[in-house]
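Below is one structure. I have some questions about it.
Order of writing sets the labels: A, B, C and D. Residues in every chain begin at 1.
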Amino acid sequence: MTFAPPTSDGPGAVRPPPSLDALLDRYRSVRGFSRTLCETLHPEDTVLQSMPDASPVRWHLAHTTWFFETFLLKPLPGYRSPHPAFETLFNSYYNTVGEQFPRAQRGLLSRPTLDEVMAYRSHVDSTLLEADLPANAASVLEIGVNHEQQHQELILTDIKHALSLNPLGPVFREPRASSTATARQARWISVAGGQCRIGHGGPGFAYDNESPRHRVWLDDFQIAGRLVTCEEYGAFIDDGGYRRPEFWLSAGWQAVQQGAWKAPLYWRRDDAAQAWSQFTLAGPRPVVGAEPVTHVSYFEADAYARWAGARLPTEAEWEVAFANEKVQGAFADQRIASRQAIHPGPATGADRQAYGEAWQWTSSAYSAYPGYRPPAGALGEYNGKFMCGSFVLRGASCATPSGHARATYRNFFAPDARWQFTGLRLARDGEPSA
Amino acid sequence: MTFAPPTSDGPGAVRPPPSLDALLDRYRSVRGFSRTLCETLHPEDTVLQSMPDASPVRWHLAHTTWFFETFLLKPLPGYRSPHPAFETLFNSYYNTVGEQFPRAQRGLLSRPTLDEVMAYRSHVDSTLLEADLPANAASVLEIGVNHEQQHQELILTDIKHALSLNPLGPVFREPRASSTATARQARWISVAGGQCRIGHGGPGFAYDNESPRHRVWLDDFQIAGRLVTCEEYGAFIDDGGYRRPEFWLSAGWQAVQQGAWKAPLYWRRDDAAQAWSQFTLAGPRPVVGAEPVTHVSYFEADAYARWAGARLPTEAEWEVAFANEKVQGAFADQRIASRQAIHPGPATGADRQAYGEAWQWTSSAYSAYPGYRPPAGALGEYNGKFMCGSFVLRGASCATPSGHARATYRNFFAPDARWQFTGLRLARDGEPSA
Amino acid sequence: MTFAPPTSDGPGAVRPPPSLDALLDRYRSVRGFSRTLCETLHPEDTVLQSMPDASPVRWHLAHTTWFFETFLLKPLPGYRSPHPAFETLFNSYYNTVGEQFPRAQRGLLSRPTLDEVMAYRSHVDSTLLEADLPANAASVLEIGVNHEQQHQELILTDIKHALSLNPLGPVFREPRASSTATARQARWISVAGGQCRIGHGGPGFAYDNESPRHRVWLDDFQIAGRLVTCEEYGAFIDDGGYRRPEFWLSAGWQAVQQGAWKAPLYWRRDDAAQAWSQFTLAGPRPVVGAEPVTHVSYFEADAYARWAGARLPTEAEWEVAFANEKVQGAFADQRIASRQAIHPGPATGADRQAYGEAWQWTSSAYSAYPGYRPPAGALGEYNGKFMCGSFVLRGASCATPSGHARATYRNFFAPDARWQFTGLRLARDGEPSA
Amino acid sequence: MTFAPPTSDGPGAVRPPPSLDALLDRYRSVRGFSRTLCETLHPEDTVLQSMPDASPVRWHLAHTTWFFETFLLKPLPGYRSPHPAFETLFNSYYNTVGEQFPRAQRGLLSRPTLDEVMAYRSHVDSTLLEADLPANAASVLEIGVNHEQQHQELILTDIKHALSLNPLGPVFREPRASSTATARQARWISVAGGQCRIGHGGPGFAYDNESPRHRVWLDDFQIAGRLVTCEEYGAFIDDGGYRRPEFWLSAGWQAVQQGAWKAPLYWRRDDAAQAWSQFTLAGPRPVVGAEPVTHVSYFEADAYARWAGARLPTEAEWEVAFANEKVQGAFADQRIASRQAIHPGPATGADRQAYGEAWQWTSSAYSAYPGYRPPAGALGEYNGKFMCGSFVLRGASCATPSGHARATYRNFFAPDARWQFTGLRLARDGEPSA
């Protein structure tokens, strides 16, 4: 079974695999962070599945473990799973591997309990760390670690959605407070077009969907130097944004009607105070104008941009604009370690907010790059089969763990999804030269 | 606020209220049994809501407590609830009392946790037992105790349904085994008709819907001396019962098609063994032919009776037939205390299985007795507003706590409900006298 | 095949069958009225199926014809249907006869066209009227004629529902105007209870569900001398009837919420005029206070009665109260012949409005009379299999053809059905004698 | 109001508007063909709406007329519509123009009747042809004529879907027979990539979504010289195509499960004959292996291509491959005039089947071209607001009227749509040069 994504960028450019030792260190650290993430949760919290797109925290903890067990331990001679029934329960969507428990019913399972899931994690961790792993284990280990990081972000967004439905206003994790800073003024950054290259082609890990690196033609364009703020988005609301069909895609207008959308997800109008509050991972608190707007769907991002006389960038524009920017920001693990809120904060200083605040919707439908080929075997189901109906997001959010962001990263969600930390950055066509 | 059901059966026949001391003893004992019932559950189990008709165990534990707090403690001078938000969360359907959290979403709440719910129970128990209760407290206390007993049965049936969906086959409580006894031969009991009286009119507690005692005319009839067994029901299945529309009500045939029903709820066909197994509160085990069939809907009970050349009794026939029978059987608390399975067992000896095995569907639509008037105030919502669309069941099941069964008791469920311990007893018209 | 309902009321009381000649005369007349009913419709109108409970007019015209062909012509030696495919298309629900085209999709068929259906009618009529019918034909003919009359009422109610959805406000048939008379004052009629008999037992046709005649016990009661008017019902609306859950059955309150009910079906609020208008078979026109309220569900009838401090009668009470009343009223054929509106009119003179205005909801769930047995064969599917989930209506409406009403008639519909001409008459318990 | 799409391709390249006289000739001819199309239909047929995506034929006939009335006649001084209510009834989705009758309920309207709609058409035609049209009328007239042609194709596909549900197997229009020719062998056509231009930039009409003409980069590729045939597609079915998830997009596999898809829409398995039959506009007939497969969704086209070891072309590849091909084929009006079946036929001779057989799915999500701007005013709602969730199809089908096809044309449908004449053409990456 080979499942490593194509990594060459021309003859001779094969990426050297990371060392197994380095990967095992990373394994320990990433697995540990999953445990840290959940330390404030009660067993009851880990049962909740608040919608079919979300999964219970226990499921995330078990599924990521199942991934390592299935693709690394089961092929080992003599390995026998202590929990054969987990194969069905914790397979997410790998048809090649076998049957799956219905996704929408994951919240109907109370067993294995949180303690039992944690014991399963310990079993797989200790077995794996002591095993005599084969040569090709490195690439599986690497994808498994990245896979678990994706689920760490989902743990945060899924539990946020679930707790938001509880009238008691539960707190996942302090602190609540945001900076009172005002946001930096927005500026346009001009980018010269022409024949460009996008996609992953160099060293370092990337998913198959970021390959191959390929040529695209771009006209000159401009892209905003920070994310759209709550204050700016509030002006759209105040201008009747959610009541005026002319700003919306047809499917977006339907979503507004059917969902009775009047503001981003988690915003609630406090009529007495004439102000918006919002549910956060630290419980309910006021909306802060200087913070980037988040929990907006593609439809809302697109409508806002049209209202603002601008547009969303394409994914190629985003990548070209930020290709040379250093990958830094306030990532989820750093926020927890430094007791910062897990919520996007205002743009300050020279920060262009590429990473660590909110994912940024692009106008690009998620599809295969020219020449894309999914890997053979089960891991070929990782990305390719979802290339329909979603839009690409670029950057990384406050819920993304560090080490999981890069300029070529292609996140993707359905255009009506709002429970991720999704925001937007404006773009517009370049001005014709004189 | 007066909510005591009419208890007179003519001038001067007012039922003397039970003493407050006796009721407080009963309160302690019933409240304690709720705790016993849940002692084998994990916190995660108590979150599950497997369908809109069912509720999480934590909700049952809190709602029954809310009932006492709302109707007994809140009217006390100076009482302040430590949890005002619980009013919305744990109000089931009392519109008069206020807003309710949407019923179908009870499974989306992880807070209050099981520990917090137990602390709420302790708070209400200790406050109530030390309070200076007013004179009219007795009747509220009495209905509250009966109310909690109803929810004890629901705790058993709801957790059974929830655990049944888990492929791991969880065990709620041992033992699993049933007797291997064969069932006694079925016999017809002939009952003389004429002008009869049914309904509650004597001493002892009864719900409002059992009143007033009133006259009905009955023709002579015969009623079976025991419940229909799994073996008998299996013959119906083998004869194509679920494939032949001629046995079914039109709405029942629709339910068969839409639900793809092929056997009672919880039965699974083991094709290799050519036998049926079933999920029980002690996990999966084989179907035992001598046991009463249970978890059948009204539609199935009615179709079986038609196939068998008989019919279901009316509720008046059932009550007249068993009015003078002693109320005894294997009730839920006795089963747990004596380590018996919480599952209906075979008819042995002279036992006519009126109580303590399975509720028995009657052909009577649930409606008001002539002259029925719901009590004033919030408790008037207890029964009357559900008098539409359900059928009456008589007797009591293996999940009913002792002290909660009587000949006039009117249980009621929708005709497609299958998750209660519901079975059937046949009836037929009396033979014309020579 | 015998399908005549039991008609004896004790030894020797066998009802003499009507003569074949008389029945053939009735056949001609009833079949002709179906044609008259549809003469104002366009072919396009006859395609509409506005909800699953309704059927296209073409379907009614063909189905009633199929009934005669199936049960009278097909058994004839040598008869071959010119349209074998019609058997599936126009079988309503007779599983014994064979497959059925899905009910909810009847509006998706444009063929056979209206002309083709009329030709099918002519073919069956001429064949039947010239055939050498067997001895037992009389009872089939009789039930077939009654069956077609039922569908004539459905033609009127189904096309009314369909046309009501068209913003152009189409007119089925003039005249529109109602009398401007005021309604007679309502009076209570006192009826003495005791042991009574209800059900069909005498001469004349009746459906199987009206048998056998049997004993019931009734307490003394009072029943209103006319139907509830629009003016009276308007007072209920004005008093917040549709906003106050205390008047409603639990399932009724759900229907109010889900259907956003604010008034009877077809009522529209004209805010400018501060008045209600309604859609009628003659197009939209104002609501007239003196007319009986119609197009209310059981839930609404029940809630109104509770608001009014009264209750609905049981079906036994209704039958006993009107058993000796002459069956007369303004029936559909008479209304068309005399150019009267097909809409309930005000109570005038001594008319108690038992028949010919609106069907009257009773509080009785539709179920089998004691000793009821459905006829053998396919016609046994006529009534018995629907004995679940409906409530009984008594009387007859302005859309009922003459000759199709009697005191023992049991009409039945689901409690949320509103598209029939359904109204209500109040009742209350008799006053205790001094 | 200006709504003409940008037509320049650089300075000085403004497209000369067609003359008003030429457009009025075209108007007469296109309007006449709508009438011809419907001449075999019964009034009843024109009521049917078999699914929300389809519309009744009467609606198409009225809506296209409403378009001319709204955008050309209503602005005329003194014009008063004889049917003001038609504005709501026949507005499809122009929020700017006003309220719309709910799309999914168009099949619930029987009025205006077919005769009345035809009279409405005549009224608008005679008024328009005699009016003194303003200077800017030409561009509206041109888009209106193209708009009506789009609806002519929809009339054919919508009535086909509706009639297919009728068990009587109705015939829309003879002849049924297809050629018995065998299909030409498939060949790959190699196309050199590089920097290319696509989009409309020359003379002649085009929709706004075809603009602006712009640069794209293409790698070398190969494209099939004809469409995939039923025989080839049958091999995919026989190889378990509909049972093997590995060929399908995740959303496609869901569609297969939920729709119980086993073959293209309209195919039925005749188990006795061991062969497939299909419903056509001439009624049911056998599937012919040499004909192009049609009525497949994007999901099926994509899965077939993956099974075949190939892929679908992008829309840019398709356009570059056929940019210089003459636009010719068997279009709907020509097929009717020459009494050919309205169904795709086998590839013969040198025909590459670009036009006049079946629309060809591309792998391109439908989105805006770089620099695209929707026209101002109501007609800006024509295309842009649908740029989400659909895939682009290229070419033209047997149901497309002549004059309505070109290399830059962008048709688009949701990926699960199957009721259009949609087929596929394979592509693959170019072979690396030696």
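Convention: a contact is a pair of C-beta atoms (placed from the backbone, for glycine too) under 8 Å apart; a residue touches a chain by one contact, two chains touch by 3 or more.
Labels paired with UniProt names: A, B, C, D = Iron(II)-dependent oxidoreductase EgtB.
Quick caveat, the model's predicted, so the values are computed rather than measured.
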Least hop count linking subunit A to subunit C through chains in contact: 2
Where subunit A and subunit B overlap in contact partners, by chain label: none
Reference subunit D; chain at largest CA-centroid distance: B
Subunit A-subunit D separation of Cα centroids, rounded to whole Å: 37
Distance from the mean Cα position of subunit D to that of subunit C, given in whole angstrom: 48
Between subunit D and subunit B, distance of the C-alpha-averaged centres to the nearest whole Å: 60
Chains touching one another, given as label pairs in label order: A-B, A-D, B-C, C-D
For the subunit B and subunit C complex, residues of the former touching the latter: 93, 95-96, 195, 214-217, 219, 245-246, 248-253, 298-299, 314, 363-365, 367-368, 370-371, 385-389, 415, 429
In the complex, subunit B residues that touch subunit A: 42-48, 50, 58, 85, 88-89, 101, 105, 107-114, 162-163, 165-168, 170
